[in-house]
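Consider the two complexes below, in which chain A is the common component and chain B and chain C are the respective partners.
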Partner chain A sequence: MNEQAINKDLKIVSFKGGVHPQKDGKILSKKASIQTAPLLERYQVIVSQNIGAPPKVVVSAGDEVKKGQLLAEAAGFVSVPLHSPTSGKVEGLVDIPGPMGVMTQAISILADGKDEWTELSVSIDWRNSDADTLKKRIMECGIVGMGGAAFPSHVKLSPPPDKKVDYMIINGAECEPYLTADHRVMLEEPEKVLEGAAILGRAAGVKNVVVAVEINKVDAINAMMEKAAQFNVGIVGMKVQYPQGAEKQLIYAVTRRKVPTGALPADVGCIVQNAGTAAAVAEAVNAGIPLIERVTTITGEPVVNPGNWRLRLGTPISEALKLCGGVKCEPGKLILGGPMMGFAQRSTGVSVMKNTSGILLLDKSDVTQYESSPCIRCGRCLEACPMNLQPSALSQLAEAGQYENALKYNVMDCIECGACAFACPAHRPLVQHIRRLKAEIRNRTKKEIKK
Partner chain B sequence: MSEEIKKEIMLPKGEELVLSSSPHIHVTENIQSIMLKVVLAMLPALAAAIWFFGIPALLVIFWCVLFCLVLEIIWCRIAGKPASVVKDGSALVTGLLLAMNLPPVTAWWVCLLGALLAIWLGKQVFGGLGQNPFNPAAVARVGLLIALPRQLTYWIPSSGMTADAANYSEVFYAAADFTKIEQAGQVIDGITCATPLSIAQNTPKILDSGVAAADNFAAIANPESYWQYFIGNMGGSLGETSTLAILIGGIILLSFKLIRWQIPLFYLGTVAVFTGLIHLIWPGVTPPPLFHLLTGGLMLAAFFMATDMVTSPITGRGAAIFGIGLGVMTCVIRIWGGFPEGVSFSILLMNALVPLIERMAKLKPFGFRKPTPAKGA
Partner chain C sequence: MTSTIILSVLALSILGIILGLAIGLISKLFGVATDPKVDLVLELLPGANCGGCGKAGCADFARALVSGEASPGQCPVSSQEVMAQIAQVLGMALEAPDKKIAVVLCGGDIQQTKVKTLYNGVNDCISAMLVAGGPKSCAYGCLGMASCARACPFNAIEIINGLAVVHNELCVGCGVCVKTCPRNLIKLVPAEAKVHIYCSSPEKAALKMKVCNVPCIACRKCVKSGEEGQFTINGFRVEVNYDNYPGEDIVSKAGCPKNCLLTAAQHFEIERNEEAGEVVA
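Here is the complex of A and B:
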């Protein structure tokens, strides 16, 4: 139970549908203050950390780098630069296990232990600066959506000129079970989040800036409400329901606007940015600090001391787990992100990236390896689907290989939140089937275009 | 941190980690737990059946469940499926539903035939659970009604209706000695009663709106009889008579979200409106709506039969259309048809229309807009 009462002035909103996992696991780490990880000997910074073009590496083996120095420069508009997490020597490019199960390129940096900063860009007086200056700084500091997608933030802040944007929503829902990183950031650094929110609002030329938080984080809500007025930012409470933090659902909950099929948030005048991203933006604009570390929840029943840690990019998962005392027992799964949308890993050699919101270990008893049974058409998935789709029908179409028919059931609208597969009593791999349908359809469309 | 402590730290071994696509957690609910909750919802009606019809009703329930389970196992063996399928509980539910649809005194071999129709013809030939287009219990009831009309209309009075209720179970226990079904039939024949619906069916219709027309159904449709119908003190299939017990079960079903609320609401609503209109225009043709709601198999059908997840539309709008269709068909059969009751027929007919209804009642996705042609994905 929450010790703090919900403020009566708080507006509480929600979307329609969704699920609420009874065992949400947040209790393991929500009380743990953010701790800063000690300096490691070696960091392996994955090059491709953002959606869009991977940045172009500008250092080579043997180079001396300072903390915050450019390692790779943006390669195009939808791309961001990458910076060194500490000072030391570049050992070269190495292949390490990537988050998607394939080997990926990383820049290996041997720390010199001095942790010396490079010369940082000067502070910007954001209240009196123009949008382009702010966007440029946000890009230069390598800031991406830190909630999971890692989409470059400056791109979101630059909608086509014909789209009038009037809402900046800071996503503090953290609706994924187990994760508490954003919760702790909002609670411990409310001013940073609020200032970042205000900066993002200014960069987008928007007056309405709100931070939307699920009401299972009452302490964080109260901490921000105290200071929200000085940054002219509003706070909105949201019902605890997954996927409250999904972009379209969040926009609907806060503004009652529906992002049409195939459209972007900017089409309904909204931009969404993650709460952790807002904090990083504040640091980038006020102190010129690039995104080289982030708060990550290291949690799960097998973890000895679950907690929230400030980890530098390139920290191997094995080192991160050591900070928490390792594991009590052999876990069944290692997941980057949350249990609903995170990616299962086979190796602890993967390193922390800009979007690593959580390192989650699931107990063997919690690892669900079911044999699925036939659909009994109970309708649980229809109720759970936040997009009002019919996962049961789509899943059967996937099994039958009827990709064209799946389009009639609007398969491309699926946001892959996994609420359907979570809720299915027959344990059918619903969202997995839908992913397959989407991939097949995309493939076919590509082939047709080639013809 | 000293070296010794560092060495003690245990880290996950990669080889044992499970790789799979998200989501990584699931509800604990499964098909078996859903079926057991349905059984729980049936208990009030089953208890009412035993209360009103005694040991014979219990025997019918026993036979139906036993045969359904055994036939399910036999089919699985023959079809090469694991016999453990029976643990999903669906055959148990079908067995109980079948019993609820049979007269309180039914011979064991009729139960066996019913189970064959339900489990094999109604469900397994289509591929088992989830694949059957028709409600298995309705298939069995209709099949039996056509094949064995005499056995399926042995209506006995409920314990509350007989003059000497004390003798009741003794008399019927003797009657229920099914090894001597012929004698039993004779014994029962001596004391069968008519169901309210069959009385309504046999009452000559008066096609005007005079006083005689208004009084045409007074004997079976009055406040006192309504109360008896509500608690279940009337002749009928063993699980269908007590509206009260079925409503309690209905609340259980709704609270566990095991049925789509649109089906009972629109089914019952349509019957009320339809019979209300007919009664208003020609009071001598059919009794008032309340009579229709409280008698026959309507309540059982509205909450337990038509709502079968597998054979009803999955969307809310589809369920509403389904309910309205059921209501209209039931009324047409009851008022103008050759049978006093029409719910089982209505269910089978509407089951056949489910794929069509679902095409009409597809959900519109969140943020739906008419697709613009030729848009690259």
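Here is the complex of A and C:
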């Protein structure tokens, strides 16, 4: 496949700051088409897969379930239900290693091999239905932001009534190095993404729907541009720069609106949804299919055959790695998500969740531990910071434990993208220091509220 | 030649005398009156500026003492004799202070508590807490990243085997370390209380035993062999009641099966020995 040329009509935008790793690792998997993983014997579906209230489990050990059947129901507004990835028997609740390093509850399902669907909800003619029907379906199908945060999509689509939303941005930036899952989805299923985008636009009552993609995915941009008109969706190109796909940076790049401190995208009239989420929304609305599988990039130098796989929720990472032929050499780190903002894991017993955009193994040489040295005041972190903060100053305040002063430097605005630490020639753990400041400030506020 | 030298020496001396007189005069005229007691007291205070008294350093405390807002007993660092001297300067009676020291209530060093993962982030307890709750399996134990040791103005805390241990002879009970521990393991206790239960985990015994060799399993042997009111049972662990603490003999009387009821000296020795490679059963 030759690199395609960028369409001349494409508008290319960006934010200020950021970094771009020379070696972004996308080459490993960007040409691998999406493959569907074979059925496994056992799935361990983690119960708490969304931000907000974890859903309430409604099955018990011994129950027979069908594929797509409800396993746990939403517990509150900021919560979504969870569905079975295949048909089989519920073995019960087990504790498995969670993505955050602590044990977490999962529903263990022994597959019966038949993979029978449960009775699905009927298709909705989205062009002629009202917003509430669409939102309800999106909620019932358990759809969350699949880019990483796993924020329930229907909540984003329901901004407070006093806030007028006029922009729906579909995030196809995929600015994290190594990850190519959204890229492949946009390239192979452009209609699904565009239709999902249009549905999301209708559900939020928004006319301006754009899909924003970094211009290192020219093939995906071209594939979508061919079909964008029929769904009345715009395509915007973005400069290849991390963190282009961060919500606030994306909004600024596309609309030139700045989200104020402490405000939400809806405050500047925007809603951002991930490209993978859009595809899932299209399936949910057109076919009633709940979110039980997702496209995940399994990649990294130690992986024998890096690729993009359609994995069911509850697939253990160890099984997912087997699909790619295992590892060539002993990896230095296992990360769920991308290398910049993903979470390092200590066990391959973690299972795939709704927000697992990537399973990344890093080579030992890439995870070298640097000795950090004092700040040399070069200012590279200030140039890199997409939020216009002063990471160098914040880091020193963290070391000195000056939390009140850090608040004056707007430490809570940090999006923890890690661009500062990436840029720092003294290898200072800048973002780590800021994370510590934020955690400590949050603790203190909590204590004060308790008082 | 000689006249030049004499002349310049004279000129400079006269200049010096005139300026000296001027400075003296001005300092007398515009001087701010301070209580001479403040300087006397400041001289006697340790000058560590630890903040243990609650004031911004020793000078601030000295002012508070002289103005009567504070009492000498509030300085956790000064010895009895020094306090008596300060009281003498101030012309007041010395109240008997109860000296306190810090104790880290955890016995889970790297040999006793299982390490669940390799942590290679920032060497600091709060940072380690942010990454999956730190490298040790026990979610309540000492992280061993020395945040308290670095904060201690008297170098009284040492990390031995990945566990913070207080040097009793150096600790003055200023309490600076207490705030730094994200796991709230450090307590200020009466210096006379020698016996502690080195476990702070509220987990059930079975869970604790999975991750640690020296947890308090609330078997209550110590409670039964001690007098009433010397221990309090708090969920799945026993705590020493520091208002009515037991004597050192309780350790041999109780025979703690998990070796978490220890005197501070025993605890220290065990850690030292383990560090040297002699694992004590």
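Here is the rule we use: the second predicted complex is superposed on the first by the 449 of 451 C-alpha atoms of A that agree within 3 Å, B and C clash if a C-alpha of one lies under 4 Å from a C-alpha of the other, contacts with A are read in each partner's own complex, and residues count from 1 in each chain.
The rule is short, and it goes like this: a contact is a pair of C-beta atoms (placed from the backbone, for glycine too) under 8 Å apart; a residue touches a chain by one contact, two chains touch by 3 or more.
Computed from a prediction, not measured in an experiment: that's the story for all the values here.
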Exercise. Following superposition onto chain A, is the placement of chain B relative to chain C best described as a clash or a fit?
Worked result: fit
Problem set entry | Partner chain(s) touched by A:Ala421 [first = chain B, second = chain C, both, neither] | first
Problem set entry | Chain touching more of chain A, residue-wise (chain B, chain C) | B
Exercise. Who does A:Glu440 touch here: chain B (first), chain C (second), both, or neither?
Worked result: second
Exercise. If you stack the two complexes on chain A, which partner ends up touching A:Met100: first (chain B), second (chain C), both, or neither?
Worked result: second
For this session: Could you look at A:Arg377 and tell me whether it touches chain B, chain C, both or neither (first, second, both, neither)?
Result: first
For this session: Rounding in steps of 10 degrees, give the angle chain B-chain A-chain C taken between C-alpha centres.
Result: 60
For this session: Kindly classify A:Gln432 by the partners it touches after superposition: chain B alone (first), chain C alone (second), both, or neither?
Result: both
For this session: Considering only the touch criterion stated at the top, classify A:Asp366 as touching first (chain B), second (chain C), both, or neither.
Result: first
For this session: Return first, second, both or neither, reflecting whether A:Thr261 touches chain B, chain C, both chains, or no partner chain.
Result: first
Problem set entry | Which of chain B and chain C A:Arg346 touches, first, second, both or neither | both
For this session: Please work out how little space separates the C-alpha atoms of chain B and chain C at their nearest point after superposition, in whole Å.
Result: 5
For this session: Would you please give the residues of chain A that touch chain B in one complex and also touch chain C in the other complex?
Result: 101, 344, 346, 369, 429, 432, 435
Seminar exercise, completed: The residues of chain A that touch chain C in their complex are 100-102, 344, 346, 369, 429, 432-433, 435-436, 439-440
For this session: In the complex, go through chain C and note every residue touching chain A.
Result: 116-118, 120-122, 124, 126-127, 129-133, 139
Exercise. So in the complex, which bits of chain B are touching chain A?
Worked result: 6, 9-14, 16-27, 29-31, 33-34, 88, 90, 127-131, 257-258, 260, 309-310, 312, 314-315, 358, 362-369, 371, 375-377
For this session: In the complex, go through chain A and note every residue touching chain B.
Result: 16, 19, 21, 23, 101, 177, 248, 252, 258-263, 302, 318, 321-322, 325-328, 330-335, 337, 339-348, 361-362, 366-370, 373-380, 382-383, 386-390, 392-393, 408-410, 412-413, 418-419, 421-427, 429, 431-432, 435, 441-442, 445, 449
